[in-house]
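Sending over a structure as structure tokens; questions will come in a sec.
Naming follows writing order (A, B and C), and every chain is counted from residue 1.
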Amino acid sequence: MAEQQVLHYVTHARSTLEITRDIAAIVQKSELECGIVHIFVRHTSCGLALTENADPDVRHDLDTLLQRWAPDGDPAYRHRQEGDDDMAAHARSLLTGVSLSLPFAHRHLLLGHWQGVFLFEHRNEGHRREVVVTLLG
Amino acid sequence: MAEQQVLHYVTHARSTLEITRDIAAIVQKSELECGIVHIFVRHTSCGLALTENADPDVRHDLDTLLQRWAPDGDPAYRHRQEGDDDMAAHARSLLTGVSLSLPFAHRHLLLGHWQGVFLFEHRNEGHRREVVVTLLG
Amino acid sequence: MAEQQVLHYVTHARSTLEITRDIAAIVQKSELECGIVHIFVRHTSCGLALTENADPDVRHDLDTLLQRWAPDGDPAYRHRQEGDDDMAAHARSLLTGVSLSLPFAHRHLLLGHWQGVFLFEHRNEGHRREVVVTLLG
């Protein structure tokens, strides 16, 4: 049996937005006791990742590395219609991924103590982002 | 309830093959109305990723970056039995991943407007590739 | 229908531990004939990935690349409470991912011939690691 809903977010430039509580609330209200919650962004220039939720410097440092791995305005890029961050955002999206699957039981997410669910905005401007949440159990 | 089938592809060297339509067709014919479609390559030297489906330069630039991240014939590699692209292909596979999970509803994939499903051939030669598609709902 | 259990491992510093057999054994004993097995680590400094299971040099070379992508003690890092490998481990975790989903049929994993499931310890010391295994079918 599947349950599904869509969440909407407004992001800020090159930032991370913690959405753990929203996902936990959906799981809490589910008819399903145990299973998997699948989270998916319908975009190619943002991403989803689990990472440490205690020290914001972790996300700062991940951004530093993402900038190193996929530099803005790299002279090697051919795709540059929408500016210096356009291709970089697609590459960041490849590295972070655009979906997550998390286990739950007794209507609680089975996350580790330090794991948070983060929506990564990979563009240099904020955007409206759609997140599809599907529960299977 | 699960539905499963295997797709077969013949790839070309270091290229991407869009398989969105094949996946959409399977979802369209499913008994399941709503759920997740899981796509999996049974190989360690190719990959699956969602990315922009409009401008082929995006995949060209991703290849440029993959070559930078995991250079062919890097002197640091020990694993080089099958040539310069052997270890590079395994590393590319780690970065792209070998599976994708996509939500669907009313027998339609809930992809964003610009999201395409791509099979990435990470080797320097074409190969026969097996893709397992499993629907849960 | 979902089935779920937790596995416990003790890892060694910066090493990979193959857990394919443990996952295959769970699938073998399942009530479910066909579906997906989801594997998830409840941590932000280790990871899960499929890679070649024949030549251990592949994992050695992946570690070489991970060290290049996310250097220990990089001067750019702000997050350094737990030592030089702290932030590097979070970054490695982003790149490998912390979960895998694998298809199965007739109670057998549908892995390719050379695909092994590996728990990657990204820290410079061994740790106790919890892995949640959920089957859907």
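The rule is short, and it goes like this: a residue touches a chain if its C-beta (ideal position, glycine included) is under 8 Å from a C-beta of that chain, and two chains touch if they have at least 3 such contacts.
Remember, predicted model here, so these are calculated numbers, not experimental data.
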| field | Type of chain A:chain B copy interface by residue overlap (half), same or different | value | different
| task | Report, in degrees rounded to the nearest 5, the angle of the rotation taking chain A onto chain C when the C-alpha atoms are fitted. | result | 120
| Taking each chain's centre as its mean C-alpha position, how far apart are chain A and chain B in Å? | 20
| field | Multi-chain contact sites of chain A, meaning residues that touch two or more partners | value | 69, 95, 97, 101, 136
| Mind pulling up the chain B residues that touch chain A in the complex? | 32, 34-36, 49-52, 55, 57-58, 60-62, 64-65, 69, 95-97, 100-103, 105, 110-115, 136-137
| chain A-facing residues of chain C, complex | 1-2, 4, 38, 40-44, 69-70, 76-79, 81, 87, 90-91, 93-95, 97-99, 101, 130, 132, 134, 136
